[in-house]
Amino acid sequence: MLDWNTLLAPYKQAVDEMKIKLKGIREQYQLSSQHTPIEFVTGRVKPVSSILQKSKRKNIPLNELEEKMQDLAGVRVMCQFVGDIDTVVELVRARTDFEIVEERDYIKHKKNSGYRSYHFVLKYPVQMIEGGEKRILVELQIRTLAMNFWATIEHSLQYKYAGKIPAEVEQRLQRAAEAAFRLDEEMSQIRGEVQEAQQILSKKRDSVR
Amino acid sequence: MLDWNTLLAPYKQAVDEMKIKLKGIREQYQLSSQHTPIEFVTGRVKPVSSILQKSKRKNIPLNELEEKMQDLAGVRVMCQFVGDIDTVVELVRARTDFEIVEERDYIKHKKNSGYRSYHFVLKYPVQMIEGGEKRILVELQIRTLAMNFWATIEHSLQYKYAGKIPAEVEQRLQRAAEAAFRLDEEMSQIRGEVQEAQQILSKKRDSVR
Amino acid sequence: MLDWNTLLAPYKQAVDEMKIKLKGIREQYQLSSQHTPIEFVTGRVKPVSSILQKSKRKNIPLNELEEKMQDLAGVRVMCQFVGDIDTVVELVRARTDFEIVEERDYIKHKKNSGYRSYHFVLKYPVQMIEGGEKRILVELQIRTLAMNFWATIEHSLQYKYAGKIPAEVEQRLQRAAEAAFRLDEEMSQIRGEVQEAQQILSKKRDSVR
Amino acid sequence: MLDWNTLLAPYKQAVDEMKIKLKGIREQYQLSSQHTPIEFVTGRVKPVSSILQKSKRKNIPLNELEEKMQDLAGVRVMCQFVGDIDTVVELVRARTDFEIVEERDYIKHKKNSGYRSYHFVLKYPVQMIEGGEKRILVELQIRTLAMNFWATIEHSLQYKYAGKIPAEVEQRLQRAAEAAFRLDEEMSQIRGEVQEAQQILSKKRDSVR
């Protein structure tokens, strides 16, 4: 039988390390009184139940999970503005502590469902107590708060209807996707104003402390 | 001279305790496989620079801060749906570990600026190493993610323009408020569907673990 | 069947709250540049396997666990010096956010095994999402680092030998208990010196920051 | 003027990353039901006041801090047994995510003061938002709980007496060092017994959960 704890241990470690590293980026920006492109960071190891379902759906044998299931370790960066996503993408490409295996831009090319997000698949080195360095796949998603909000909802509904969402619910979901997109658009319009404001705010604070 | 660290210590303690308590609510819901009305919780002690500005603006003498500035300690609950806010309000009213001093419903009665949120002012008991129990004011805000998103932006702009936002920026802000409101409306429509879906999802997970 | 998650949820919440409260005491001392009597704080909900063993050993029916097993929720305070334990005991007695049910002083009256520690049993109020306030038992242990070190070892050995430790191991354990006691004694001798030193150190830091 | 926040930012990042990595080692051991050689991990960036004092005492110009002050970033691993230190040393040497610059064994060769500990100086790569990868020095100390206890005390006293501890205090400190050493010795005697016991304990827990 598969020992899930042992199999998933390096993925948990990679998620923990990536979270600390991405949060560190935010702190570097805050320190330099610049608008930070990273609002918050989350991460998770895929639950065993989801792994089993996906392996069945996609015909991935359990002994090939590590090579073929790219999101066993998942890390997500949330941005305030659509424009921030580009900044984060550049920062990810400039790093030397992992290798980029794949990039997918679902923002320029959004999915039919309405899904928008920027994806990286990384090869991330983890140090094991037995066997030394092990390079594992990690999926990194970058999106705005509004994109994330919608995606969470859609994910729940896909599960409920096992991928076959009724036309009526589908339409409501589309309208919500449009509302989320609209919010991102309005926020982008206001972005320049806000960034300048945040720098002023941040400097005011420093001068008093 | 005012010793800020000492003055603010019980407020920091109250924020830390309230965060643990509100996160505990979320965990109780997750455990019972019900949709949780609390998405996440944040808290902060008001920065000294902001206290000084507000005390000047509102004419509050520094020796009356503790009675008259109600948001020295601020805790914020973010909800996925507008309807969740009512649930959280009821849970707050049912608690016996603090006293409610005031309630303000800026959702039924939104501010002219477009601001929406539900506010409580609480009297919260903190145990001090000298002098025993001390009851201090804590402000608790409850809002959706979309309300919060907008409010963060508006807060930055109020600072930048020292309360005098130009008409053009004001209009953009109004459009963003509408987009946020619209997103909340669309999400409410879809709420019943999603809640049911999340329960199914949560039970599926349990059955495999 | 017993739903352990639901049964233990309020105990987990109590542990989390108590930890935040006891750590807050340490911060209050640090802030006032006094020697802090609390070095660190740990807590845990008793693992289900240990509950089952103890209920069998002590003949506690599973439907009476909440009244009769006093350490389902356990919180532990570690002190640098034996003398600090008295200070913490006084602080616990002065609080108004729980009720003290019992006190046991295994420092004045150490167990035959060599075990030393100060125990409280508390009745702690937790707010539940259903049913309002619930008062549960929490065990609070206060000990020095050296006492803790020894107790951890002894606990492991009790398990290994199911309570029947061989005479030879027993003797080694006694010698270790004496070495731990001796370290506490030597540290107490040096205590006054160190406390004064720590205050100087703490003030030096403040003056530069 | 020196901008301490900016100078120390990569050191803070390195400390955060190292802590996550070393705690990950502990989790890997716990997962495999082996005795973990790592009890707990702490870390800190050197306070500015201490940097200034040390730079004066050791004649290090402030513009050469990064090359010449090896403990701006400090990480500490605490072990239960003296024998665990060797295991941790081997794990550190086997890693590929930093370079070892120096090793000092103050356990085989304890300092005159009574100080015992194992030290590494590492060159650790941090990713900066401007300028890419930066390699900085990090000091890693490995010691038992008893060694740590004594070292904390001695550090406080060195400060109080500015390095000139009176003969009488010095003698007390020596007796405490001996008591700490004695405790480590007794614990080592008992080590084999305890490790076996902890594995039994850990497996019992697994089988019930």
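A, B, C and D label the chains in the order they appear, each numbered from 1.
What we mean here is this: contacts are C-beta pairs under 8 Å (C-beta built on N, C-alpha and C of every residue); 3 or more make two chains touch, one makes a residue touch a chain.
Because the structure is a prediction, the values reported are computed rather than measured.
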{"item": "Partner chains shared by chain C and chain D (touch criterion as defined above)", "value": "none"}
{"item": "Cα-centroid distance, chain A relative to chain D, in whole angstrom", "value": "34"}
{"item": "Where chain A and chain C are represented by their mean Cα positions, the distance between them in whole Å", "value": "40"}
{"item": "Rounded Å distance between chain A and chain B, as computed from the means of their C-alpha atoms", "value": "26"}
{"item": "In chain A, residues with contacts to at least two other chains", "value": "none"}
{"item": "Inter-chain touch pairs (all)", "value": "A-B, A-D, B-C, C-D"}
{"item": "Complex contact set, residues of chain B against chain A", "value": "47-50, 52, 80, 145-146, 149, 152-153, 156-157, 159-161, 169, 172-173, 175-176, 178-180, 182-183, 185-187, 189-190, 193-194, 196-198, 200-201, 204-205, 207-209"}
{"item": "Complex contacts: residues of chain D adjacent to chain A", "value": "5-6, 9, 12-13, 16-17, 20-21, 24-25, 27-29, 31-32, 91, 94-97, 125, 127-129, 132-133"}
